[in-house]
Amino acid sequence: MRIGFIGLGNMGGPMAANLLKAGFDLSVFDLSTKAVEAAAALGARSVGSPAEIARDDVEAIITMLPAAAHVKQVYLGDDGLLASVQPGVLLIDSSTIDPLNAREVSAVAHAKGNPMLDAPVSGGTAGAAAGTLTFMVGGEQADFDRARPVLAAMGKNIVHCGGAGNGQVAKVANNLLLGISMIGVAEAMSLGVKLGMDAEVLAGIINTSSGRCWSSEVNNPLTGAPAARGYSGGFGTDLMLKDLGLASEAARQVRQPVLLGALAQQLFQTFSNQGNGQLDFSAIVKLYQQD
Amino acid sequence: MRIGFIGLGNMGGPMAANLLKAGFDLSVFDLSTKAVEAAAALGARSVGSPAEIARDDVEAIITMLPAAAHVKQVYLGDDGLLASVQPGVLLIDSSTIDPLNAREVSAVAHAKGNPMLDAPVSGGTAGAAAGTLTFMVGGEQADFDRARPVLAAMGKNIVHCGGAGNGQVAKVANNLLLGISMIGVAEAMSLGVKLGMDAEVLAGIINTSSGRCWSSEVNNPLTGAPAARGYSGGFGTDLMLKDLGLASEAARQVRQPVLLGALAQQLFQTFSNQGNGQLDFSAIVKLYQQD
Amino acid sequence: MRIGFIGLGNMGGPMAANLLKAGFDLSVFDLSTKAVEAAAALGARSVGSPAEIARDDVEAIITMLPAAAHVKQVYLGDDGLLASVQPGVLLIDSSTIDPLNAREVSAVAHAKGNPMLDAPVSGGTAGAAAGTLTFMVGGEQADFDRARPVLAAMGKNIVHCGGAGNGQVAKVANNLLLGISMIGVAEAMSLGVKLGMDAEVLAGIINTSSGRCWSSEVNNPLTGAPAARGYSGGFGTDLMLKDLGLASEAARQVRQPVLLGALAQQLFQTFSNQGNGQLDFSAIVKLYQQD
Amino acid sequence: MRIGFIGLGNMGGPMAANLLKAGFDLSVFDLSTKAVEAAAALGARSVGSPAEIARDDVEAIITMLPAAAHVKQVYLGDDGLLASVQPGVLLIDSSTIDPLNAREVSAVAHAKGNPMLDAPVSGGTAGAAAGTLTFMVGGEQADFDRARPVLAAMGKNIVHCGGAGNGQVAKVANNLLLGISMIGVAEAMSLGVKLGMDAEVLAGIINTSSGRCWSSEVNNPLTGAPAARGYSGGFGTDLMLKDLGLASEAARQVRQPVLLGALAQQLFQTFSNQGNGQLDFSAIVKLYQQD
């Protein structure tokens, strides 16, 4: 099966590598020559533009791009995918963008005769390399079924979230909650320690009580793995900041209040501006330890 | 073993009943004649004042009172426990109050020769009735060991949290996080649904992802048990509001910022003022559904 | 002097009328036939499209549109102003949009040889009708000088704020502060009254103290003119909500935290969702009086 | 007229000096020998305890103490004022404390036959030295009239705010708004500058627009006098933090939401913890300039 792949960055690169490893025939495009050469070394065919991939004889095209502006340009631009792609080719956008833009692109694609799925991922660069990503997929059931074997080569948890855009909705809603609960853990742990408790004891109690959450159990800002390694690696503060920006913008568009979410976004912005954008997002606890 | 028990309210009443059921000999006091009669009907001995319990030949005294003011009056008042109690009698305060007041009372008790534990509970009236409460206990190890068989008659999870006041610290920190994460779930679920997702599908995805928490899994504001029964019963909004008040006040005293926590407190206050103080605290999602 | 005017809504309509009254020769366009007819009745010439105005022999073109998307379409669209306008024609956009989009359009205009000013207004529909608007103008000094007589026919306070986009910056910054201080007044007045003070007495004290602000003096949510008339008319909640959305989005783009601003936005959204979007924004005090 | 004065700190010291200068006969008490000696050097009579002042032949007693705990001890303690003072002596508490504690002390005083006023001040140490303080006074009109000549020796703006506690209500409400609007100005100015505007130009526009407030006009965090002197002196961050703590606690007691106020308190706490507690509170703008 021949697949086009556009966007060979930190996430897209290892995802493409896993597709090649699984035996898919890949045509790839990226603005970075280096990224393209790396994929070519693993057996991918390099082409000169998104449009050229579209004109290529592919059954599906996967895009993995930084933001909605890039997605709209690659799909809807004058020399974009939809201007050239054959009807029936399955389009899969794994970029993380806001749901409304995702639905807008999907509607144009469907109007041109191309099924389209939004399929953002979680799991980070480690999950991309290991092929253990989670895909949250929005689109029609038949298209989801068709995409599943392709996605399964890159991830191990492939979830159908409903119609077009719902993959983005699921990701944005989950990460909104994740950002809030991480700060909640940072506040609760900081307060407990300031009041005299041992961090490990407190984490143990919370994790068997009603405060327990992924951020207290797996990624605890004081007692977890990121803290132990100085908050390097992991899910970066600036990535969380981006996702909270998508959440609050989507909320604004549908007139849905997100009070804690908006405040969480501003706190990650404050923390990022202090020079911490590259640290694991659990490092936000430092904002609470500045005395 | 003879035990004194002061405070036979919604929590204290069933706790005392479980002690009687377990064979303890109980002297009880409460301002409500009705509550005292109910305990007497189960075999408790009714006495006329806290001081009378203190003068009674008890080995331990348990208090379960609404707020710090009552605790200070019962222990430190002119006619209070510490004015009359024999040295060596173990004092256990299961009220939920702020850690600094708990430590102040504990220090006076120790100075008078009485070991004291702060032992606030979680589990609600249902847990109190079933004898399945969690006790978060602050105080010395030897005193904790001595109290354990007594507490075990009322709860099934008895956790030592460190020195005096740490039981209160653990509870206040856990419930601070709980209040924040519940609102986080309310925002994430409301946003997802407003953006077109099915609530059950979204809850399912969050609960297998990094947003998962007790509030999304066990007490989900849209898909959980409290929602299914119209938010009656459960852990009331006004109880959460009280605990967030304790958390923010404790934070103020030790100069610890709690930004999301302070906002969560104000949101529960806003919601309570709309007439919802008695609803399960997951009903806060209604604040996000007013259009 | 012949002027083109695009956008004859609640604001643009009376602004165009004042230009006609001042003797300017006007070519107008709006999608609403009714709005165009009203202007024509006052002496304006109706044309069929923005492009037609551009091709007309005008010295300046003023646009007054709802949002950035409309501004970009009218100026940059395939059949937009910049595709047809003669070099040298002065472009004045009085829409309220975010500064970065304003600068993007301005840069394209300058590249085409057209000076451009962003000139958002304050003063509302009453100011538009009375010709007493404030214009906050971004762009070059020479262009500002050229525009001043035109703007002076519609407003009485014409302020040069610096280079391109700075008119929008000034408006967005002022209204960010305005939204925050109005909620601040609502909270202070509500708290004072709940604690037993007379609202008029409290307003009097604040207005001679360090809490004084436009929102406490001119538009006090409890004692001001909008309150006296049931919050009808005035500067609507949904307009404030729009401006806070522009502010938080501009802040996100330049990575500037706006913590109170983001929360204020969410509070106006919450209040608007309760059915109050058309009320004067000082009605936000009702959110604090729901018990 | 003989007056007792208790509390000769940064505020009380110069206030007592102004009373002496105006010809009042003063008996003073403070725990600091140095402070007492300074007052004695100006003609005050030093006494050994609050009770001794109470037993002295004074017509009025003024207290200026750090917090409610001190006020309650000095008035209600076993050896406190109310245990010894002659009926009819006018009691004036100029401390800044929460309204409910003020009312509690006032009620006890009245029950003992002593009229009492709460009379917190604004104007800072500079106003105390210059005798230009503002007094916000709660209590009965007749008592207010009796106190006025005394207060006029220390301040120039003496405002009657209504019944007992209302002086504290007025102060707490004003300073709640002040804290919020200062952060609002900090956010608006920071955003405007980050978006490319000159701070002076922006301040000029805001100060003639609807965003104008005392914090933008008199104490602007970027262009005001405190900024020009490196934020030394002025109204300290920790004083604002204390007043916001009083406001949020009073709000909690009467179940009044203060969403922006609670967040403002947390932001000043965060900023104070970074080592800035002694800076003028307009320095909070630094929290927004950490990139």
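Note that the chains take the letters A, B, C and D in the order they are written out, and that residue 1 is the start of every chain.
We adopt the following convention: a contact is a pair of C-beta atoms (placed from the backbone, for glycine too) under 8 Å apart; a residue touches a chain by one contact, two chains touch by 3 or more.
Predicted model, so just to flag it, every value in this text is computed and none were measured.
> Would the interface of chain C with chain D count as same or different, where same needs over half of all numbers used to appear in both copies?
Both copies, chain C as well as chain D, present the same residues to each other, with over half of the numbers appearing on both sides.
> Using only Cα atoms to place each chain's centre, name the chain farthest from chain A.
Most remote chain from chain A, centroid-wise, comes out as D.
> So the centre of each chain is just the mean of its C-alpha atoms; given that, what is the distance between chain C and chain D in Å?
The answer is 40 Å.
> What whole-number Å value describes the gap between the mean CA coordinates of chain A and chain C?
37
> Multi-chain contacts in chain C: which residues touch at least two other chains?
255-259, 263, 267, 270, 273, 291
> Write out the stretch or stretches of chain D touching chain A in their complex.
263, 270, 273-275, 287, 290-291
> Given the complex with chain B, which residues does chain A contribute to the contact?
99, 122, 134, 136, 157, 159, 161-163, 165-166, 169-170, 172-178, 180-181, 183-185, 187-192, 194-198, 201-202, 205-206, 208-216, 218-219, 247, 250-251, 254-261, 263-264, 267, 288, 291
> Spell out the part of chain D that touches chain B in their complex, as residue ranges.
Going through chain D, the ones touching chain B are 245, 248-249, 252, 255-259, 262-263, 265-267, 269-270, 272-273.
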